[in-house]
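Structures given as structure tokens follow.
Shared between the two complexes below is chain A, which pairs with chain B and chain C, respectively.
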Partner chain A sequence: MQPDSSRRPALEVTVLVSVGRHPVTGRARRADQDARGVELAKSLPNAEIGLLHAGRLSECDEPALRSYLGMGFAELSLLEQPEGADVVPAVAEALEASSSQLVITGERAEQGEGSGLMPYLLAERLGWPLVTSLAAVESVENGQATLLQALPRGQRRRLKVRLPALLTVDGSAPAPRQSAYGPARRGQFDSVPGSVCDDEPWSQWQVQPARKRPKRLKIVKATSPRDRFKAAAAKSEGGGGQVLTDVTPQEGAEAIFKLLREEEVLR
Partner chain B sequence: MLDTLLPILIFAALVVAAIGAWRRSRLWRQGRPARVDLIKGLAAMPRRYLVDLHHVVERDKVMSHTHVATAGGFVAAALLMILVHGLGLAEGVLGWLLLLASTSMFVGSLFVARRRRNPPARLSRGPWMRLPKSLMAFSVSVFIITLPSVGLLPEGLLTGAVGTLFALILAALVTWGLAEMLVGMGWGGPMKHAFAGALHLAFHRRPERFSTRDGGEGRSTGLKALDLNDPDATLGVEKPSDFTWNQLLGFDACVQCGRCEAVCPAFAAGQPLNPKKLIQDMVVGLAGGSDAEYTGSPYPDRPVGEHHGTPHGPIVARDGKALVDSETLWSCTTCRACVEECPMMIEHVDAIVDMRRFLTLEQGETPGKGAEVLDNLIATDNPGGFDPGARMHWAADLELPLMSQRGEAEVLLWLGDGAYDMRNQRTLRAFIKVMRAAGVDFAVLGDEERDSGDVARRLGDEATFQSLARRNIATLSQYRFERIVTCDPHSFHVLGNEYTELGGDYHVSHHSTFIGELYDAGRLAFRPWKGGRVTYHDPCYLGRYNGEFEAPRHVLRALGIEVAEMQRSGFRSRCCGGGGGAPITDIPGKQRIPDMRMGDVQETGADMVAVGCPQCTAMLEGVVDSSADVRDIAELVADALVHETPAATGGASADAPSLAKEVA
Partner chain C sequence: MSEVQRRDPRKEWIARNRLHPRHLEVLAELGRGAASEWMGPHGVLRRNPHAVGFTGPNGVKRIDRSGAQQGVTGGGAAAAAAEQKPRVEISDPAFSVVVVPDMAGGRLSGHDRDLLGLARRLADVDSASRGVVVAVVFGPHKESSFEEAGIDRLLHLDSSDVTGYAPEARLGALGMIDMAWTPRHWLLPDSKLGGGELGRRLAARLDERPATGVWQVEADPNQATGWHCIARGAAESLDIQRELPRITLALAECAEPVSETRHAAAPLSLPEPLPTTLSRIEDLGQVPVDPSGVALSEAEFILSAGNGVKDWDGFHHAAEVLGATEGASRVAVDDGYMARDRQVGATGTWVTAKVYVAVGISGAIQHLQGIQTCEKVIAINMDPGCDMFKRADLAVVGDSGKILESLVTLVEQSREESRDAA
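Showing the complex of A and B:
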């Protein structure tokens, strides 16, 4: 510990956690990305971490939520929301009411709508900067955080962000620690009522299991192990792609539309 | 002079010893409460000592005789000495008996001295090196002071200048002997083992492991369930005082003979575990202090003197060092070789799992792939994280009868997680071929089966074990069957011994036992063995845990195989390294345990090793450049089947079994 850490006020961090769904069995579990967010928060020195979940405490979800507590927390704030509610307004209000400087969450929920839009909507509503694919928080000083953002193929980009900020993590963040049964069982849920906003369109949607998307076959014509390795490690070929810069939204949309036609996504 | 001095010395020694004993017992009572029938235990103690303990000691004949002479001589001499010299009752036969007892003790102490001249590495040195001298001081001095009492020497001999000097020397020797033999018992000398050991036998936490007068081998190997009902209780053992008091007492009974160290596979592999040192560390913990005074072999590559602890301090430090390092606890394969060899009946494995429980359940620090395996068990009911719906894919062509369709069968075949493993699938297919050849009415649970919970429990995750166990018990309770047969000794042990406490009582057999019974009933016929030399590797969970040494050998004999036994076989079989989650936690050592076991196989000159456990198969087959093939007993039997089975089994043929016939 740094000697001045006790004098400096603790950095307040809120991690938004959701109930995940195991990809093989579909059982409720801690969502992998959210758990990585918790792990990232735990790695911050001098941080006061709060866990926030918006939803209801049902019998099948409780073990999943408790497994966040098992990562070393005494309590989890539960923003009570009915099934199918739009949680963005309630979460935004709760965050505004708190003095959190950093809010960390997973990129996309493992069940429900799972659109991945929640962080964006939240950041828009709060007027906070949003950083996606966070790999590490390097330092937090004078109301400014130095962050490491993960880019494809192991690249990293260092960013400086003014607090308060919203950060999302994906699979490139450090793996979450084991959840211990004892603390998970002893942890408490701190229920706070939140304003309820019904999600009209959502209630009219029809939900069905997704079809497995066909995978494009990569035909490897390699004769030697070295070639096979190169083929496996090669970047996916960009081929006929194009980079559009300084175009109007109209031109951009037309380019996307044209591509979708060509790929026969739209007929 | 001696006549007045001796009673004072004797009774002073007794008083000081009693104070020491009381202080020592206060140390044990720091532990958690445990329900023990004190009176019954004390009544059973002589038998436990003379029969069960001696049964273990007798494996080393010389030491056994040495101990009988020395300890028997001492106990008799001490009691008689109180009568003869303490109370002055030398008349009659008592004095002569005392002479006899002290002679016996002296002869024993000569053998103790001989052993201490060049002690093997497994023995502790330090205070133990002076023990033969103390034994001699006691026996010789008692012998000499008794001579005048029976009239063999004139009473006046010890008067005069020379006589007084001689008397003083004798008195000093007696004092030394009493100090070591009586006072040392309670105050922590080498003789502590006699005092703590006797009480440990009486108040043992597994009274059922001792034999009884009406027969019965006495075997108790299942781990005891952890009470998960109290949400505020610390789960597992964090501090020495979290052990039950009789566990602490058990640690204190250790004689540091190092038999455990000699058989421990992790110690031999250079992993940081030595069962003897672990028990001594617990003794350090219960009394408080550092391990600097330990005089035996250390944990491989961990110098002595860096660890310290207190009864109410942590055993494993989160950072830095405390009493033991967590790697020590995770090196154990739970093979029970140490428990089997321990002449003091100490339960090393229980203690290790108790401490692992704390690390996993309270701290979430299962090392290696442990956390991943436990997460998989929670989410998918198997350690590999495979789809539970894919459990029967390997048997797609076998048309196995499912319990969910049949409702009942004579035999429930428990597949185990080996169903997901391509190597073990060969074993399972072979065993099913055998059962069909014998016309056995069997069914499987199919996708309803879950992991038995063995790995979760050995990794300390009692919560996941109990969850799996309860769900398996609920599934099993829906169906009617006479017995469970499994190819996996770990499932065998857990289903047979550890589900009982949670309400599941089953008759479980290992497949080798079952094949043996089928053969004896004439339902199987084998063509003569044409292969080479074969040895057999006893799986720990079949042999030491469940006492099944004979059935696999019986089957091999029936196949016409003459087993070339390894030096370490039967109850002394060396572990393959696959138990207790050891391959998952994967603590590094200097060599691999399965490599050493394959070395044992090579010594027999066998070109095939027969096994009966999926773990052993995986571990032994993982040995590079091995000289022997690894085959499960079921595979050997399936290969040797003669198709026309002699018995009237309804003519079910081995190759094309008709489901309709079997159901009928």
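Showing the complex of A and C:
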């Protein structure tokens, strides 16, 4: 498999990149999470990184894709797909054909359905383990990667996964570097035709710009007029709290300690 | 014994005469000591207006019609209301709707309850053939109100291989549930706490195309499943209206939570034990994070200081020992004791902590707005009348410096004990 291991890089990484959408202007840009994925791959020591995009090279998408090249790449593999196609089979075939050990991608696309299913479908198809919302890769050795997964509330969890693996990156990964204009202009697209699979259900759905979600109303289910009045006039306050007066500092601290223990915030 | 009720006119006269020396004694004998209403011998409701109400502080008789007086003796109006909710039992269900709640912190979150409300709507669509809502709970939990949340069957999987971060083992369990009961709907929260990930894994495994980011579900006779849903797509910028698929990942506030009925929450078990799966992802546990590096808006545990703090070194030391993120009120920031980015409140950061400890903060309305979404608030203050105490779940009156000091000693003691035990 590996004829000359001393000269080959230890790790081949593929980053799946997509065309994003600016949240305010709606213009095409590099997708935020994918760019973070590229940055994460760049931080890996001794890695050979390839970028892969499935889609069409249109006039409005080209600057967005070139901004990935501007992060320090000479070329980007372009798997040619028509608009509105299901890209999962084509990408899975391309990954099977390549010898990548690690595939990094953003959590969900910023255009189209954006369901965030693609990495899961790829992992299921390739039979690889999938780790979601990655914050950092700590080390890769002996065919195992030690990863830091981002949890809500700024917490981190350490995981060990066997390679080859698929990793998804969300907003807690390190911010991407700026795209340099010169390398972005000089970079090449390496176009390969991919197998085409139509996404039929997508064309049948009604799609419209997002409506503002209605605010939930406070529903008062009171049996008596007095309760109804109280609910309407009430200030939002917790109520039912325990107040400890005339206690020594030790007793007060013990009560607080007990509550902190119950809520499991002490480590 | 004769069935005829005998009346004693004399006793009745004494019972009516409040000034009679034997009045109370006779009232007790007639069985209406404190009662203000009773059924008379001829089936007429009799009232004693003198037994109503109580004597106020100025010696004037007061009548409180709010029901608060009964509430004191009843042991909580909420408990009584829970008892009054009609109980629904579904013995031979036509189909099942499976919900996998996140159970963040071992309890049903608001998101989970919304999802259960949606599940109830899907299950109760046809009153002739009702479905059951099955909840699948992984790992240990602290929840006691599964009945009120609208759960008919509860599948609690507590083996060691599905606790912690074990997406592959949990996926195996869900696959088994799908084989065993073939639920009509799968509902999972589309959240970062695990539901979003597990639901997508399940959809990929079952080869179904799920609806993600669903925020509205409506009955629609034109669709094959009888429902359509509206889902968010493309980074929250599109609304996609489509038929409701078998697997749905819904956002918070997708439906009203169940509030009017109680359900059985009968324990359920898998038809066969879980197979042991070889996990390719090994959980090495949570990593200690530097609490001061965590953004204040998403910190889990905040120790916040206000004007009442005098010993600032002690406060910083306490935050370090407790592993809490530091916050401050506006006054503490203005006086230069804390940095501006640590300010909690309307002009600072709106925090979402699980536990918020307010040390020496009296609770200005702007500050209370900032901590609206905190789950538990602990207040330490010298002034027992301050507004923070009304919001707090636990309030301690006393010198904050001394209380923090003894809290630090307690925490260090317990850590040492656990170290010795290990």
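In the analysis below, the second predicted complex is superposed on the first by the 204 of 267 C-alpha atoms of A that agree within 3 Å, B and C clash if a C-alpha of one lies under 4 Å from a C-alpha of the other, contacts with A are read in each partner's own complex, and residues count from 1 in each chain.
The rule is short, and it goes like this: contacts are C-beta pairs under 8 Å (C-beta built on N, C-alpha and C of every residue); 3 or more make two chains touch, one makes a residue touch a chain.
Because the structure is a prediction, the values reported are computed rather than measured.
Look at A:Tyr181: by the touch rule set out above, it reaches chain B but stays clear of chain C.
More residues of chain A lie in touch with C than with the remaining chain of the pair chain B and chain C.
Residues 20-21, 23, 26, 108-117, 120-121, 123-124, 129-133, 146, 148-149, 151-162, 165, 201, 204-211, 213, 216, 219, 221, 224, 226, 236-250, 252-257, 259-260, 263-267 of chain A touch chain C in their complex. Residues 231-232, 234-235, 360-366, 370-371, 374-375, 378-381, 385-388, 461, 463-464 of chain B are the ones that touch chain A when the two sit in their complex. Residues of chain C touching chain A in their complex: 65-67, 105, 165, 168, 192-193, 196-197, 200-201, 203-205, 209-210, 212-213, 215, 232-242, 253, 256, 259-260, 280-289, 293-295, 298-301, 322-324, 354-355, 357, 372, 375-378, 380, 384, 389-399, 402-407, 409-411, 414.
Looking at the complex, you find that chain A touches chain B at residues 22, 24-25, 27, 29, 70-72, 177-183, 185-186.
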